[in-house]
Amino acid sequence: MSLFAKILRTPTVTEKLTRGDTEAEVEMIARQIDGRARRLFGRSLHIREVDAGSCNGCELEISALGNPYYDMERFGLHFVASPRHADCLLVTGPVTRNMAEPLKRTYDATPDPKIVIAIGDCARNCGVFKASYAVVGGVDKVIPVNVFVPGCPPEPIDILRGLLSALDRLPRERDQI
Amino acid sequence: MKGYLLEISQALIALVLAPGLVGFVRWWKARLQGRRGAAPWLVYYDLRKLFAKEVVISKNTSWIFRFTPYLVFSSTLAVTLLIPLVAAPLPFDRIGDLLLVVYLLLLGTFFLALAGLDPGTAFGGMGASREMTIAAIAEPTIALSIFGLAVGAGSTNLGRIVAETLAHPSAAISPGHLLGFAALFTVMLAETGRLPVDNPSTHLELTMIHEAMVLEYSGRYLALIEWAAAVRLLIFFSLLANMFAPWGVAATLTPVAVGIAAVALVAKLAALGLVVAFLETRLAKLRLFRVPELLAVSFVLALLAVTSSFLLR
Amino acid sequence: MLSLFLVMISAYVLGALAALLSGRSALARALVAAAAAVGSGAGLALGALVIASGVPLTFTSSRLLPITGVALRLDGLGGFFLVVVGLVGCAAAIYAFGYSAQYAGRYSLRLMGAMFNLLLLALSLQVMADNALTFLILWEAMSLTAYCLVLTEHDRSGTVRAGVWYLAMTHAGFAALIAMFLLLSGADLTSSFASMRAGAALLSPASRNAVFLLALFGFGAKAGIIPLHVWLPMAHPVAPSHVSAILSGVVIKMGIYGLVRVLLDLMGGGPAWWGGVVLGAGAISALLGVLYALMEHDLKRLLAYHSVENIGIILIGVGAGLIFHSYGLMTLAALGLISGLYHTINHATFKGLLFLGAGSVLHATGTRNMEEMGGLIKRMPWTSLFFLIGSAAISALPPLNGFASEWLVFQSLLGGSNIPTPEVAVVMPLAVGMLALTSGLAAACFVKAFGITFLAIPRSSEAEQAHESPPSMIAGMAILAFACVALGLAPFVVVPALGRVLTGLGGLPDTHAAFTLNLSLVTPNNFASMSPTLVALGLLVLLGLVPLVMLVFRVNRRLRVSDSWGCGRLGQTPRMEYTATAFAEPLRRVFAELYRPTKELSIDFHPDSKYFVQSIEYRSEITPWFEKAFYGPLLRFIRRLAELTRRLQSGSVHIYLFYISFALLILLLIARWS
Amino acid sequence: MSTNLFAQLSALASSLTLLAGIALLWRRSLDAYIQAFKWQSVVLSGMFVLVGYAGGDRQLYAMAGFFFVLKVVVIPHYLRRLEEQVGAERESHPYINIATSLIISGLLVLLAYVITRPLVAVSRLPTRGSLPLAMGLIFVGLFVVVTRRKALTQVVGFLVLENGIALLAMLGTYGIPLIIELGVFLDVLMGFLAMQVFVYHIHGTFESMDVEQLNRLKH
């Protein structure tokens, strides 16, 4: 009973998303997402998260996406348990030697069309782990990447903007969603 | 003729409504959690997208794996032709009764569990084993609820049960009826993989039941299975609604009556969806080995329902 | 009709002779198989003809048996069981041609072929026996030939033990049957069934009850109802697979035949508690049978436990029928009995099919252990398809035959609301619950049996190198698979026929038109209706329509074959698969109070560090409850008794002579005063 | 109030009390036990009012009030305090596991139907349909007392059993004379107090409320 009273008292706490200066931050690289996939994923994108050797900083930020404050579900973004169900791989961390092959397999297990989004500085250029004997390199050394979201770690709102701009769903200028 | 048309359009209505129902429950849950949540129609976009994607299957799988999605979808669809959604009794009512409905759904579960074993992964086997365990222990409750309903209404054919309850509305508040409803509602939660038996939005393989079986599916196969699961939810909801509170179901096939029935159906589904969303916010998932206890509770409820409607005639 | 009868008899006899005379060549096997197939085919036709015409076939000869002569009479009930024998016998005979090839040189093909034909002959004549002596002699012939067949692979461990159990139980039952017929016929075993029928009504209630209990024990031991089932899961698996199919499909059904014949036909029904006891025994057998089957990982033992389960389901139907009969609710009684008999033929077909399928798997892999199988669906496509049909049928999935009969059993139980006394009526909902649990668990069990055996990747090199069976074996399975589908889709043929079969037994009215309407099954008072035929049609249409619609809407049709998803791990081995034990584990924990599982875990650590494990051994077993709690004390008692009797055996000839003369004296004294 | 409606309502109320009794078998925490007992007593005192109204017996209103104060307010309060003092213990391993005891309770109710059948058959009371439910509740209460390990859960089982007796008495006689009922109440109160002392002593002696520990007294 007290739970329902609390539910009734608490308003929806989800924050509105503003455009921000994402254009500069998010890097769309050569492999543009084709228009068809963009249309397909615009409303519904199922994400499989792959930790390719990260320090778990990025994971903390990513898991914040599901909470009521950021609530990524309102954009049709959804984490799934199997790459077979996924449209998008969200890869974090420098790719360690042990994880290179599993990452490739995960990419292979995902049905086409699919996109890959690399989260964090490590995924771009190995960050502080650069030149370590244990890492292979950035994510694009192993599988083709569509979007990089920089930051160490990137804030949840940045990740959300990165995801949405990849899908071309960010609001125009001052609009909010 | 009109009856057959209505029968087919009713199956189509079920197909169209089902993803919306799932989305609606999800949306309500999100609102209860203080989130804005995905729009109820997100599930339609999910399905469209899945149908447009390619399929990746394991090299270990056999024809069973590829045949199962079609069988699951067809058998579920066949059930929508047999149950009274907006009008009762309809011409197909004589083809199958409540027992047939239950066993047709079991047919889908049977093949889905086989498909879970087919790729040879541990997750699939785990899901198959759990799903069949729960399906088996849920069976006595279902059968006893059917027994209670059938003895009360003098038939196991769905249309006749609905018509009978419509004719004697006072029976609807009898203890037997209410206990039967409670029993079937609990079983519905188990059979459609809702909390507290199975968490439909889990990402953790070790806690999965239904999801674990379909981890290997993708693309159009996954779309068919998810769609069938949604229709299954709708079937159980509308069975609960129309068996125990049949008001609004059209007894004559006039356009007005059918229209009212359709509106009533949507309202009843929404109400049940709301109840389920509330429950899922309130309840935690039970440990797998406490699920039999929950089902034992529902069995006792069904037994009480039968005794009170059967022995005290 | 008589010619068919003669063809049947002579085919079996010739087959047996051919087997004894000829050697182990392929021609000999073909001859034996052909003879058995012709014989059972003739039997099938004969039975069907008798049912269709309604004219019983009578055949008496005073010369064959010294005291009384053979009295044979084939009526509808016998005809139905003759059809069951013929159907399974024919398929098993064809199958045996290919299957028995592996026995050449290892075991006696002569004996096996002869006994196989003689068993079928005994079974076929059993259902025609028209006096007690004929019945008993044929019963014994059936038991002994079956015993010989069980012992075929006599040098394997467990076979002899199984044979001893089988022989002991079947003879305990036989003794009960002799006592029963003595009671029933007024101590004159030569009296015909007709005179018994007349005399049964005049018996005192106490002796009628005694007849009932003896019949239940005697026929129950043959049918394998719990707790008289222990021999069944031992004996059926060790026999050659085509024989297992006969044993599980047909021989145990003779128990059902006997019960229906004696309780309903000869005794003309009894008080409600008879039916209650039969129904209760059925419900318990069904539930415990399937629960023990779930824990079995030996494919053929699993199937044998399912025979216990299905006998239980049949008895639920028969018991419900007897209860209704005692209240004079004749239509419902007919419904219950029809559901039981329908399930009898259905079980004969799908269990026969499953045993033949298991035989093919055994033939291909050399093992019965499911944990060493897997992936056979790609190597044995036909066997797996037929096994799947059998599995779906035994799990009562629509639209196959298991569903049709289970639906009727359910409906007859639902008729329980017409029973006036609540103490009896209360049994019905409980039976419904138990039956539903049974069928759910059976589905779980066959997901395990089919999934672990045929799907995924092979778990052993034997399974990896498995090959499809020869055509004759496939043909044998195909016949029964077709029968499963046909019996499921055509209840509107089967149910009226069963109505005819039951007409007149125990005063049942003619109900051949009562339970079907066009293509549907209907129950009394229009309580419920269902049409498996139309459901199957609907499913087929939808199965065709769905891909078509998907094509029209231009769904993405690409398909890529890749590895199984295993969280990115580098390779898949069979050891990563779910095992049969693991599959059944949740149910083992749910029903732990019944199984009382024992668990042993021993871990060998590396000598240097306990963080490295050298080997882990895990052993878990369920407590064989019945053997321990029920038969343990019984066996101890018998052993003590035997020790007492041994004191009489001194070895001295004089003592024995004294015994003989003493016995003679006593007998003369008794004869003097009686 | 029409007789039919009265019969329906009393059947409904009796089913609810029975369900509350069965809830004991399902739940493990003492808190849930107390809650179930409390709600059962609420329904039962409502039942007193209902029977009083239908039978035109003013005395029953007073009884309902008394019942309410004792069983909805006082006893649950003391049970809670007891729980706080001796520490919450869960009924984690009853003698018969939970699923089985639920099924057994279902069978007990079935048995109650069969046993009360002759009673129901001769009775002309509109409440006769509920008699088996009250009998079933008594059985379930007994079952709880027999199979539960912890002293406090046994106490609640005993109280539920007493509720069953009160329900049966009321349905069967339309309210027993006040004086007898008061005597029964006092008995219950005395029994409850005695058990309270008993619980304290078990707790003091064994540092636990597991009744199993009493076996140690033998040695």
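What to note about this one:
The letters A, B, C and D name the chains in turn, as written, and every chain counts its residues from 1.
Everything below uses one rule, namely that a contact is a pair of C-beta atoms (placed from the backbone, for glycine too) under 8 Å apart; a residue touches a chain by one contact, two chains touch by 3 or more.
Owing to the predicted nature of the structure, the values given are computational and were not obtained by experimental measurement.
Compare each chain's C-alpha centroid with the centroid of every protein C-alpha atom shown, and the nearest one belongs to B.
The interface carrying the most C-beta pairs in contact is the one between chains B-C.
Measuring from the averaged C-alpha position of chain A to that of chain C gives a distance of 59 Å.
Computed from the mean C-alpha positions, the centre of chain B lies at a distance of 36 Å from the centre of chain D. A straight line joining the Cα centres of chain A and chain D is 57 Å long.
For chain C, the set of residues touching two or more other chains reads 422, 426, 558, 560, 562-563, 565, 590.
In chain B, the residues that touch at least two other chains are 52-56, 215-216, 219, 292, 299, 303, 307, 311. Residue positions of chain D touching 2 or more other chains, listed in rising order: 99-100, 110, 113, 117. Annotation, chain-chain contacts: A-B, A-C, B-C, B-D, C-D (touch as defined at the top). Chain B makes touch with chain D in their complex at residues 170, 173-175, 178-179, 292-293, 295-297, 299-301, 303-304, 307-308, 311-312. Touching chain B in their complex are the following residues of chain C: 374-375, 377-378, 388, 392, 395-398, 403, 407, 410-411, 413-414, 417, 422, 425-426, 428-429, 432-437, 439-441, 443-444, 446-448, 450-452, 454-457, 520, 525-531, 534-535, 538-539, 542-543, 546-547, 550, 553, 555-566, 572, 574, 576-578, 582-587, 589-590.
Listing the residues of chain B that touch chain A in their complex gives 30-39, 42, 45-46, 48-49, 52-56, 202-205, 208, 211, 215-219, 222, 278, 281-282. Touching chain C in their complex are the following residues of chain B: 51-60, 62-64, 70-71, 73-75, 77-78, 81, 94-97, 99-100, 103-104, 106-107, 109-110, 113-114, 117-122, 124-126, 128-130, 132-133, 135-140, 142-144, 147, 150-151, 154-157, 215-216, 219-220, 224, 288-289, 292, 299, 303, 306-307, 310-311, 313.
Those residues of chain C lying in contact with chain A across their complex are 558, 560, 562-563, 565, 567-570.
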